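There are structures below to look over.
Next come two complexes, and both contain chain A; in the first it sits with chain B, in the second with chain C.
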Partner chain A sequence: MRKLWSEFNLPTKISVTWVSIILFLVITGSFLPLPNPTEYDPNASGVGLFSPGHILGTDINGYDLLSNVVNGARISILIALISVGVGGLIGSAIGIGSAYIRGKLDITVNLLFNILLSIPNLVLGLALVAILATSADPSTPIDPNRRVFIIIFSLTVVIIPILGRIARGATLSWVNREFIVAARSMGMKDRHIIFKHIVPNVLPAIYAVIFLAIGVVIVAEGALSLLGVGIIDGVSWGAMIGRVAGDFTYAPQSMYVPVVVLALTVIAFNQIGDHLRSQLDSREGKI
Partner chain B sequence: MSSILKLENLRVRFSTHRGQLEAVRGVDLDIQAGTSIGIVGESGSGKTVMSRAAMGLLTGSNVTRDGRISFDGKVLSDMSREEVRNEFGTGMAMIFQDPMTALNPVRRIGSQLQESLRVRLGMSRKESRARSIELLTLVRIPEPKQMLRKFPSQLSGGMRQRIMIAIAISCNPKLLFADEPTTALDVTVQAQILELLTDLRQRLNMTMVLVTHDLGVVAGNTDYVAVMYAGEIVEQAPTTELFANMKMPYTEALFKSIPNIQMKAGSRLPVIEGRLPDPTDRPLGCGFAARCSYAQEKCFAEHPELEEAKDGHLYRCWFPLGDSIPRKVS
Partner chain C sequence: MGKNLGWINNVLKRIIPLLLVIFGSTLILSLLLQLLPVGLKDLYIAPGDPASIREQLKSLGLDGNAFTFYFHWLNDFIHGNFGYIIFPGGGREPVSNRLATALPISLRLVVYVQIFSLLISVPLGIYTAYRAGRRSDRVISYSLFAAASVPNFVFGLLLAIFVGVQLGWLPPLGYIDPSENLVGHIKTMILPVLSLSIPTIATYSRLLRSDVIATLREDYVTMAASKGLSNRRILFTHVLRPSSTTLFTSAALNMGALIGGTLVIEQIFSIPGLGTEIGIAIFSRQFFALQSYIAIIAVGYVLFNGIIDVVLGFVDPRTRERRNA
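Now for the complex of A and B:
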C-alpha cells in the first residue's frame, strides 16, 4: 500500500485524498453533526461563507449548504458508482463476448455501440429520463425513489457502450495472441480462456476508463437536474444546482459551493483514471 | 509400427478479399508412432498452417478445411469441436514458434503450468504443484520452486521455451507438434532446446512433428523429412536417404543456402532467387519452375505429381536430380 502511494505524483495524491474524503462523507454523512439538509433556517437565508452556524453559508431559502453538499454526495456518488458499476459489468461482458465470438454478432454489437456513442451522452440520458420518468396522471409527480432508479437506469445505458467499446477493443487485441491458441491447444474450454486468459489482460484498460466514466456520470447527473429532469426535490449535488439556478445573483455561494465540489470530484476521478491509463501504457510497453 | 497421424488430401483455404487463398493443397502424410518427422520449407510454404490444421486449431470463420485426418485410430475430421478438444493436451500438443507471445503475460508460470494439469487431468492444487515442479526439472530448469512464482516477463527466451515445452508435455501427449521451436532463439540456445526435445521424445515415447525452415535442424533430430513448397509436399524420405540422395531441385537449393563455415569471408550467401508463387493465383505447372535452375518447358506447362522412387522416397519433379535424363542447364 505504501509502495503504491509513493508511485503517485502530486496531483494523483491530491485526487486520491479528495476522493477518499468524498467517499468517507458518502458513508458517514448522515451521522455528522450538521443541520438537517431539508430544513431551512428562517434566521439565515442567503448568508455568505463562514457565517456562524453555516460554514459554507445558506441558499436563498436558508438551507445549509455544507449539510446539503455532504448529504448530497451520497446520492450523487451512489448514482455514479451504481450506474458505472452495472453499466461497466454489462458493457464489458457484451464487449468481451462479442469480440471473442466475432462474426455477425460482433458486427451487430459494434454497430449498436457506434449508434449509441454517436448520440451525445447528455442528450441520450436526457431523452431516456424524459421518456421513462412520466406518470400517467400529469398532476401527480412520480415517486422520488422511482425517479432515482430511472436516472440510474438511463445513465447505465449511457455507460454500456462506452465501456463495451473499450472492452471489445482490448479483447480484439488479445484474442489473436499466441497464448490463446496455446491454451486452446491444451484443450481449454472457451469459458476458461475468457475468464483466465482474456479478462485479466482486459481489466486494466477497463479500470482506467471506469474512473473517467464516473466523472462523466457525476456531470450528467448535475446537468440533468439543471435541465429540470434530474433529482429536483431530493438532496443531491445536481438537485442543489438545479434548485438555485435562478438565485444566482442574490446568493452566488449557493451556486458556487455545489459546482466547485462537483468539479473537484470530477477532476479527481479523471486524474486517477489518467494515472491508471499512463501506468497501463508503460506496462504495455514492457510486454 | 502403427500410424498415429494420417492426413489424406488435406486442403486449407482462406477466403480473403483478394479471393480464395489455398495455403495447403492436398497434403498426404502418414506419421508412424514413435518416430520423428521434420516438415521443412521456407516462410509461406504452408507448413505452420498444415500443422495447425492437422490439429484443428484453425477456427477462423474464413477458413475451410477439407480432407481426412485420422489420429490414433479416430477420425478427427469427422469429430465435433468438443470431441477434438478432448484429444488436445493428452493426445496431441503443440509448442509454438515465439515463446515471447505464447505465454500469458499477466499470469504466473506456476498457474499456467498447473492450468492444464488441473483442468485436463483433474489434479488437486497440491498434486499439480508437485507435478509441475517435476515437469520443470524434466525440462532442466534450475530452482523449479522459485520458477513457479515468476512472470513470463522475468524470463529469457530460452527459459520461456522450456516452460512452453513443459506445458506441452504436461499431460503426456502421444504426438507433439513443435512449430519452429527454435526460430526465435539464438543459436546456442537452439542446440540446447533441440537436444532437450529429442531427449524428451525418447524418454516419454512421443511422436514428434518438427516444423522448421532449417534443414540443419532436421538433420540430427528426425527420422523422416517432408519438404513443403507452396502448400504441397514436394519431397519426402527418410532423413538419411534425403540428405544422401536429393531428388528435388528445391531441396537441393534449400540445402545449398545453409551458410557454411568454410565459405570465404566476404563471399555472397547463396540464396534461392525469386519468391513463392502468389497463393491466390498458382501457376499452371510446377510451383518452383520459375525459380528452378533446371526448369524445362514441361515444368511450366504441367503440374508434376508425387512419384515414388525406391525406399519410400517421394518427390514431385519432372526431372529429378540424380537422373540420367539429359537436360539443358539454363
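Now for the complex of A and C:
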C-alpha cells in the first residue's frame, strides 16, 4: 500500500485524498453532527461562509449547505457508482464476448455500439429520462425513488457502449497473441481462456476508463438536474445546483458550494483515471 | 478501370455504415416512444367522431404498429416534415417552424465555440509542447487538465454570477440576433461561448501538446534544426501541419460533447436555441417534436463526423488507418 502511494505524483495524491473524503462522507454522512439537511434555520437565511453553526453558510431558505452537500454526495455518488458498475459489467461482458467470438455477432455488436454512441451521451440520457420519467397524469409528478431508478437506468444505458467499446478494442488486441493461440491449441476451454487469460489483461484498460466514466456520470446527473429532468428537491449535487440556478444573486454561496464540490470531485476521478491510463501505457510499452 | 474507381469504393465503404448508424439511431429513438408510460394516442388524439379519429391516427402514423410508426416518421423526416406540435384542442404547429429559428442559433453558438477554441488552443498547445517539462509547461498543463475535467455548466454558472451579475459587465442572460444589433449579439454571446470554450480549449491544447511533442522527436525535425532553421519556422511549418490532423479529428469527435453542453448552456443563459426547444418539448409533453429534435442532433453529428473522416482521409492517408483501428 505504501509503495502504491509513493508511486503517485502530487495531483494524484490530492485526488485520492479528496475521493476518500467524499466516500467517507457518503458512508458516514448520516451519523455526523451536522444540521438536518431538510430543516431550515429561520435565523440564518443566506448567511455566508464560516458563519457560526454553518461552516459553508446557508442558502436563501436557510438550509445548511454543508449538510446538504454531504447528503447530496450520497445520491450523486450512488448514481455514479451503480450506473458505472452495472453499465461497466454489462458493457465489458458484451465487448469481451463479441470480440472473442468475432464473426457476424461482433459486427452487429459493434454496429449497435456505434448507433448508441452516435447520439451524444447527454442527449441520449436526456431522451431516456424524459420519456421514462413522464407521469401518466400530468398533475401528479412521479415517485422520487422511481425517478432515481430511471436516472440510474438511463445513465447505465449511456455507459454500456462507452465501456463496451473499450473492452472490445482491448480484447481484440489480445485475442491473437501467441499465448492465447497456444492455450486454444492445447484444448483449453473458451470459458477458461476468457477468464484466465483475457479478462486479467483487459481489466487495466477498463479500470482507467471506469474512473473517467464516473466523472461523465456525475456531470450528466448535474446537467440533467439543471435541465429540470434530474433529481428534484435538492437531494443530489446536481439538484442543489438546479434548485438555485434561477436565482442565486442573494446567496451566491448556495451556487458556489455545490458547483465547486462537484467540479473538484470530477477533476479528482479524472486525475486518477488519467494516472491509471499513463501507467497502462508504460506497461503496454514494455511488452 | 477498377483502380480508378477505388475512391468510390472507399467513399461507399464509409457511407454505408454511416447510413446504418443513422437508420439505427433514429429507429431506437422512435421505439423509445413506445416505452412512454402514456400512450401516444391518449396524448395527441382529440376526441371526435370515428372518421375524424381515423383521420388523425393516419396523419400521425399511429394507425399501425411501432415499426409502421417509425417508417411513417422516417418518410416525413426525409421529406423535411419534422412532425407537429399538437395543442390540447387538436391544433397543430409544424416543428419545422420552431427549428427554423432555434437551429441557426445553436449552430452559431457551436461554430463560435469551435473557432474560438481552435484559435486559442493552437498557440497554447505548441507553446506547452515546446516548453515540455519546464515549470511553465507543468503549471499550464495541470491547469488545462483540471479545466478539461470541469463540466461547462460549472463555468457557465460561475461566469454568469461573477461577470454577469456581480461585476455587471455583460448581460447574464438573453439573446440578441446579429441582424438586429451586432454589438448586442456579441455581448450576449461572450459568456456562453466562453463557458463552452474553456473545457474545449483545454482538451484541444492537451491533444496538440502530446502530438507536437511526438512530432518534435521525428528525425526530420532534428534535420531542420541542424540546417539552422529558426524555432518558429520549424514549429509552424514542419511540426504544426502533421500534428493538426489529430486536432481536427478530435474537434469533430468533440462535437458530441459540445452539442450536449450547448443544451445546458442555452438553459443557463436563456438562449432560444435547440436546447431550449428540447426543454420546452419535454415539459409540454411534445414527444413528436422531441423525437425529431434528437434525431436531427444524431444525424447531424454522424454526418459531420463522416465528412471530416472522408476529408481527412484525402488530406492525410495515415489517418485512414489510425481512425479505423
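By our rule, the second predicted complex is superposed on the first by the 286 of 287 C-alpha atoms of A that agree within 3 Å, B and C clash if a C-alpha of one lies under 4 Å from a C-alpha of the other, contacts with A are read in each partner's own complex, and residues count from 1 in each chain.
In the analysis below, contacts are C-beta pairs under 8 Å (C-beta built on N, C-alpha and C of every residue); 3 or more make two chains touch, one makes a residue touch a chain.
Since this is a predicted model, take the numbers as computed values, not measurements.
With chain A as the common reference for superposition, the partners chain B and chain C occupy compatible, non-clashing space. In the superposition on chain A, A:R184 makes contact with chain B only, not with chain C.
Chain centres taken from Cα atoms put the angle at chain A, between chain B and chain C, at 90 degrees to the nearest 10.
Looking at the shared chain after the overlay, A:I267 reaches chain C, while chain B stays out of its contact range. By the document's definition of touching, neither partner reaches A:L49: not chain B, not chain C.
In the superposition on chain A, A:I107 makes contact with neither chain B nor chain C. By the touch criterion stated above, A:V259 is placed in contact with chain C alone, chain B being left untouched.
By the touch criterion defined above, A:L126 reaches chain C but does not reach chain B. More residues of chain A are touched by C (comparison of chain B with chain C).
By the touch criterion defined above, A:K196 lies against chain B but remains apart from chain C after alignment on the C-alpha atoms of chain A.
By the touch criterion stated above, A:A223 is placed in contact with chain C alone, chain B being left untouched. Once both structures are fitted on chain A, no C-alpha atom of chain B lies closer than 13 Å to one of chain C.
Residues of chain A that lie in the contact sets of both chain B and chain C are absent, per the superposition on chain A.
In the complex of the two chains, the chain C residues touching chain A come out as 17, 20-22, 24-25, 28-29, 32-33, 35-38, 142, 145-146, 148-151, 153-154, 157-158, 161, 165-166, 255-257, 259-261, 263-264, 267-268, 278-279, 282-283, 285, 287, 290, 294, 297-298, 301-302.
Within the complex, the chain A residues that touch chain B are 102-103, 177-179, 181-189, 192, 196-197, 200-201, 286-287.
Looking at the complex, you find that chain B touches chain A at residues 52, 55, 57, 59, 61, 85-90, 93-94, 96-98, 101-107, 115-116, 119-120, 153, 164, 167-168, 170-171. Chain A contributes residues 11, 111-112, 114-116, 118-123, 126-128, 130-132, 134-136, 138, 215, 219, 222-223, 226-229, 241, 245, 248-249, 252, 255-256, 259, 262-263, 266-267, 270-271, 274 to its touches with chain C in the complex.
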